[in-house]
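I have a structure I would like to understand better, so I am pasting it below and will then ask my questions one at a time.
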Amino acid sequence: MSDTATTTQTLLEVHDVTIKFGGITALDGVSFDIREGEILGLIGPNGAGKTTCFNVMTGVYQPTSGQIRFAGTGLAKMKRHAITRLGIARTFQNIRLFKSMTALENVLVGADAHSRVGFFHALLRTPLQRREEAESRERAMELLKFMGLARRADELAVNLSYGDQRRLEIARAMATNPKLICLDEPAAGFNPAEKVVLMDLIKKVRDRGYTVLLIEHDMKLVMGVTDRIVVLEFGRKIAEGTPAEIRDNPAVIAAYLGVEEDDAS
Amino acid sequence: MNLVPAPVAATFSRIGARFDNRPAKITLAVLGVLFVYALPLLNIPLLTTPDSDFGGVLFSVAAYALIAVGLNIVIGYAGLLDLGYVGFYATGAYTVGVLTQYHWHWPFFLALPVAIVVTMIAGVMLGAPTLRVRGDYLAIVTMGFGEIIRLVITNTEWLGKSGGIAKIPMPPTIGTPPQPGEPGGLFGIPHISWSTFPNVVDVGHETHFLSFTVLDAIPFYWLIVTALLLVLLGDKLLKDSRVGRAWEATREDEDVAEIMGVPTFRYKLLAFALGAGIGGLSGAMFATRQTFIQPASFALLLSMLFVASVIVGGAGNRWGAVAGGAVVAYLPERFRGFTEWRMLVFGIALIVLATWRPEGLFPPRRTRRAKAAEAEIEELEGDAANV
Amino acid sequence: SLSACGTTDSSKNADGGKCGYKIGFLGAQTGPNGNLGLNMTGGIKTALDAYNKDHADCKVSLVIKDSQGSQDQAPPLAKSLIDDSKIIGVVGPGFSGESAATGDAFSQAGLVTVSPSATNVDLTKNGWKTFHRVLANDDAQGPAAAKYLQQQGAKKVFVLDDSEDYGTGLAGAVKKALGSAVVGTDSYEKDKIADVVSGLVTKIKGSGADSVFVGGYYGDSGLLAKKLRQAAWKGIFESGDGSEDPGFVDQAGAAGAEGAILTAAAAPATADFTSKYEAANGGKAPGLYSAEAYDAATALLNGIDSGATTRSALLDYVNSYDKPGVTKQIKFTKTGEVTTQTIYAYTVKDGKIQPGTPIK
Amino acid sequence: MEFLLHHFFELTISGLALGSIYALVALGYTLVYGVLQLINFAHSEVFMYGTFAVAWVFVFIGGKESSSSGLMAALPTLLLALVVAMLVSGGVALALERIAYRSLMKRNAPKLIALISAIGASFALSEAMGLRDKFAGWFGLDDNLANYVSKPRDIYTLPVTVNPHGLFTLGDYRVTDVDVLVIVSALLMMVGLDQFIRRTRFGRGIRAVAQDPESAMLMGVNSTRVVQLTFFVGGLMAGAAATLYMLNIGFTRQDAGFLLGVKAFTAAVMGGIGNLRGALLGGLVLGVAENWGAAVLGTGWHDVVAFVLLILILLFRPSGLLGDALGKARA
Amino acid sequence: MLLEVKGLSVNYGHIEAIRDISFGVAEGTITTLIGANGAGKTTTLKTLSGLRKVREGKVTFDGKDITDLSPERRVKLGISQSPEGRGCFPAMTVRENLDMGAYVRSDRKSAAYAQDLDRVYELFPRLKEREKQAAGSMSGGEQQMLAIGRALMARPKLILLDEPSMGLAPKLIQQIFSIITEINQQGTTVLLVEQNAAQALKRSHEAHILETGEIVRSGSGKELAGDPAVKAAYLGGDV
């Protein structure tokens, strides 16, 4: 699968980003690119700065220094919703769904990011509004189906099981029609069998033309699905390369993977 | 619980929803609406307040319902706790007072839209700087705003200070203008009397169609119910659209909504402005019905009652808001039999209501929308099977 | 023309029984100013008790409509009084706001009202046919109060009001009469003086005033008097009828109230009235506007006694009423003002409001 | 403006005195808010019952006959009144928790409905006090009882007028013993509470329940007890505030709480709701600013000053002067 | 048996989350519950710690019936839990969170307490480093360490661990499992819920498999780990 990675151009460019919280430097001069159409893995020990990286990319935090360019546009000072409309979507490490909305509505909120109609159209029920509404619904249902959640479309998000909630997060992020979709530990709390299913799903997401940035601690999943991997430790990038390269990188093994116990199936 | 008019309409439309065929639905809705309009004439035993003019009570019931529907957009949909809503109510009332009487002499129906617009502007002016403040901080900021409005009126010569504005004109009567002792209007509609059995049409007691006088609140009631129905329609159209979803998402988790592409600030401001506009509308109605307004009419406590209306009814559900407004306006009138105990009883009633229905009288319902979605699933899955 | 509207359907139905007449009261019973309304209903009950004792065969009953003193709640209540054909006269409305909000309706229905307390000047300028009040309006008292203050040697007066109709009206009249003797003015919100009293004291002392006039109620003026004395301010303290209640002395304390002048367009209530009132009200003492309410009710009851048992008849009766009441001679002008405008000055001495003397 | 400068100390000291009372009442709002994230709308009534308790103690000891005395002479009665008022307010707060909140909390009801039940409780409590003559009537309204009731719904005054004595001069103002007592005892109370919350297990319990009630239970925190205690402590402070208020103002009525409550709550928010020190700071800032503002603009603008200041503060510091909730800030 | 569960059923409204399950945890052992998402594992643990009401059934701990005891009473008896989703107190510092773990202990000034604290810091040096950081600003994995450390601070007889390895880096996962074994050897009984079934089963004396609210298989850890059906369903073949 590495063939896709070589041809395409840079979608997102993280350039020398540093972010400090008081005395803690969560990211320290980190630079890497995400190329269009690839699945990039972002790994590293706990507290290495992976989630912070997402937060900087989606406008939750402003970097102390450095910049991020997405499809040629600098993201500095941009409003969070504008970044989403530009084409970056994400999921959350600790699930954050709209709890008392149904699964379908959660996805619809994402889909709305690109509809053009607003207040007056809604009040007057213009044809344009009806059409867009119908389209959004169709798209949302289609995404739910894609995630295997169609049957649960009317369930309130809060009543879904943990796994389904994670899947719904992905559907909602996809609904914003992003170019880049960032997944923060989507497999947390899944059992190995479920992880296999998720792995296929992520590939399918990419096959639909999305670029994927994936944070994950499960090495089988990461190794199995990504085209390239960036490794962070203490807020610094310590390695970058194909899964095979990373697997054997001694620094990564020391910092992150550890020596695998023989019986870890 | 006594039936109150607006929830009756709600019940009707809900029954209507059970029927799948449109004609039945429409018939029921029309009947419901007719019933709401006819309510003050029917003098239904138990429902009609024995100790206070029912037409007048119904006017306040409808006014509270209207206010609650407006405030529900702010609290129920967008999740912004506004404890100063009375400020908008006052703004609407005073705009009408100033335009139709105190400084100018515009006709009421010209002043009305201006009042709504002015109040919306007030809403935006309050909202733009303060909506960045979150949660309960917003509540207290808005409360302060409500008090500021009242105090500024109290201290401003141009607005009549504490003396208020008197002799605000009523809406023009359609038909013969009323004279002392002559109600005017187009024709008289007799009330129903239940004091005898079988109940009879009481020709001695008539409401004159669209004659606006101090002695008969019923035409005012019709006016405000009409406004209420229009607002409810608009509310429904908005709620069932992208706008409604954006509000809901913002209420659930503002940060995430923002990250999902919802410009939350703009939507909060919209909710605020719309809520304010509706508050202004009801204030304007109040001013023309009352013909006399004073800053004392816009006390802080009223804001609390407005919030109570929304929540007792079920925040997030427009029919809940209508019901809540009706209950909060109606109960104290209904409790007049308790004489000086009535506010104590009302207080206890609020506690009981809260404990009995913590989600409100009509909690927001998602089931119906869920039903609609179900149909779509069937279709989609059907398609899938064919592929 | 008055009787034309007075005799619509109401008198028709009223003929059902000879007795069972009712009088209404519209005003506060609960809410923040409920106490003032209770003072009034206490006075009405005192009058009614006496009447019903003498007319055991044909008692008059009282219908109380509690407006909480709010002009917003009053209109439907007024309407319900109007709709009850047995009600032929109304004591009230209590406050100016609710009077303004309901005057038109009472007037159009031809139901006579006699207010024991609404003092706003404009109320009698609306062309209402049924409005009466048994006390002087805010304009009448002001000049007298000002004059009296100056007679006591006041040169520099600080004038305060409570931002309510009555308070601003009265204080305004005082200011006008005092002219350049006013050295400072300010206003507080009724019932909210606790928050601002210390600032007011500083202000009054700072202004160098040798006297203070307060247009407001005893709940506020009493505290101000107390705080002024505690701050060792030595000037003259004067307030209007709104403060002419034993509560003023209670609140100011004997020392704080000492020497305070309270003006009112009412003769001192007799000991006889006080004891009658206490008998009719479970031992509670009369308060502000109790005596006025008694006079208002008595006027209506006298009318019923004399056979004026329709609305129009009672209205005519009240219009031509001329009898002594406990507070003053009760007789009305065409617009419904009471003709006796004599203002009395009461002084607090030894912790008691001493019987007042007319201001000349 | 000139006026303000000439009477700077006088206005400031009296502002501080009132502000201390705001602050003490604000503590009750802040504590409950900190734990339950809800505005205990009825806390004002908790305070109001305290004021009546104070007056009743004085009537009980000296009768209704009005008299005046110096602070020292009144001190023993005042101390007794303090204890009684604190207990009464604490008791009312506990009852409130039981009746208006407990069942809602148990059922995990939406936060806002608790606000409604609090508004209901506030009406009921205030009206019940307004109807004190009726209740007294049930027990036979003899002369003695009438003293405790006074006229229904009317103001109820403290029979003893405590006359302040000047102690020392500060600029333009002679500071009185009452000023000192009010400010110092409020400060002491506040510091004591602050230490109590910081140093005791109960304090940690409060913070834990505030942040994550479920986890708190898993740590062995009895959340019902914590909530009760929070209400009670808030009530105690309100009772103390009531005593100082009666000492300073000398009368009360059934709606005295509402008026003060709004201010106290404003103070709590101004300081950063949920933050005890914030409540103190907010109360003092509010009391002083109002006084200054009223001096410059006219007393009619007194409350406008208060609310405009609040809005300005929140615009620049969206979570109050000292920052956020009991949980987050280090209360 | 230190803990005995008999015929336990728990509902969320009408949803039956667990149905009539029975099992025991012997003193000094590690017992593991495994199962797919939504099987009811978390619900079981929450019921044992008292956060969920029992609809039917009985729970005994140390010979005492604790079915209706409040959570805080159970903590006092010696049951402590590291919950799913960590449940750290976000505005408290790391140290304060650990102190909260020892809320029911009365020996906060003692040497034993200091020792326990040291031990947690030794297990998770990151926590020591960040002693004064607000827990809410810690990374996901750091919070997970904190949750486990906090549960240990209570010195429980029985510790309930809900997916302790969730969100931890691979290296740390291995550590966590050694820690579990270690604390067990020091005398704490462990009831473990894990998705990382292979590791968990290997170390546990007893294991139960939950499916849609019911126990479908029980056995020793080794036994289940070797069972092909279990392997297929929960251990994941090679990818």
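The first chain written gets the first letter, and so on, giving A, B, C, D and E; residue counts start at 1 in each chain.
Here is the rule we go by: a residue touches a chain if its C-beta (ideal position, glycine included) is under 8 Å from a C-beta of that chain, and two chains touch if they have at least 3 such contacts.
Please read these numbers as outputs of a predicted model, since none were measured by experiment.
Peer 1: Could you give the fewest steps needed to travel from subunit D to subunit E through chains in contact?
Peer 2: Minimal hop count between subunit D and subunit E: 1.
Peer 1: Spelling it out: a chain qualifies if it touches subunit C and also touches subunit E; which chains qualify?
Peer 2: Touching subunit C as well as subunit E, we find D.
Peer 1: Which chain has its C-alpha centroid farthest away from the centroid of subunit E?
Peer 2: C
Peer 1: Can you work out the whole-Å distance between the CA centroids of subunit B and subunit D?
Peer 2: For subunit B versus subunit D, the centre distance works out to 35 Å.
Peer 1: Mind checking the centre-to-centre distance between subunit A and subunit E? Centres are C-alpha means, answer in whole Å.
Peer 2: Between these chains, centre-to-centre, one finds 30 Å.
Peer 1: Nearest whole angstrom, what separates the Cα centre of subunit A from the Cα centre of subunit B?
Peer 2: 44
Peer 1: Show the residues in subunit D shared as contacts by 2 or more other chains, in ascending order.
Peer 2: 127, 298, 300, 303
Peer 1: Two or more other chains touching the same residue: where does that happen in subunit C?
Peer 2: Residues 30, 34, 163, 187, 189 of subunit C each touch two or more of the other chains.
Peer 1: Pairs of chains that touch, anyone?
Peer 2: Contacting pairs: A-B, A-E, B-C, B-D, C-D, D-E.
Peer 1: Mind listing the subunit C positions that touch subunit D in their complex?
Peer 2: Against subunit D, the touching part of subunit C is residues 30, 32, 34-35, 38-39, 163, 186-189, 191-192, 194-200, 202-203, 206, 218-219, 222-223, 226, 230, 247, 249-251, 253-256, 282-285, 287, 351.
Peer 1: Enumerate the contact residues on subunit E facing subunit D in the complex.
Peer 2: Per the stated touch rule, the residues are 49-51, 70-72, 75-76, 80-81, 83, 87-92, 96, 99-101, 103-104, 150, 154.
Peer 1: Flag every residue of subunit B that touches subunit A in the complex, lowest number first.
Peer 2: Contact set of subunit B toward subunit A: 234, 237-238, 241-246, 248-249, 252-253, 255-264, 270, 366, 369-371, 373-374, 376-377, 380-381, 384.
Peer 1: Within their complex, state which residues of subunit D touch subunit B.
Peer 2: Against subunit B, subunit D makes touches at 33, 37, 39, 41, 99-100, 103-104, 107, 109-110, 112-117, 119-128, 131, 134, 258, 262, 265-266, 269, 273, 298, 300-301, 303-304, 306-308, 310-311, 314-315, 318-320.
Peer 1: Mind pulling up the subunit A residues that touch subunit E in the complex?
Peer 2: Touching subunit E from subunit A are residues 21, 24, 44-48, 50-52, 93-94, 159, 161-164, 185, 188-196, 199, 217, 219-221, 224, 255-258, 260-261, 263-265.
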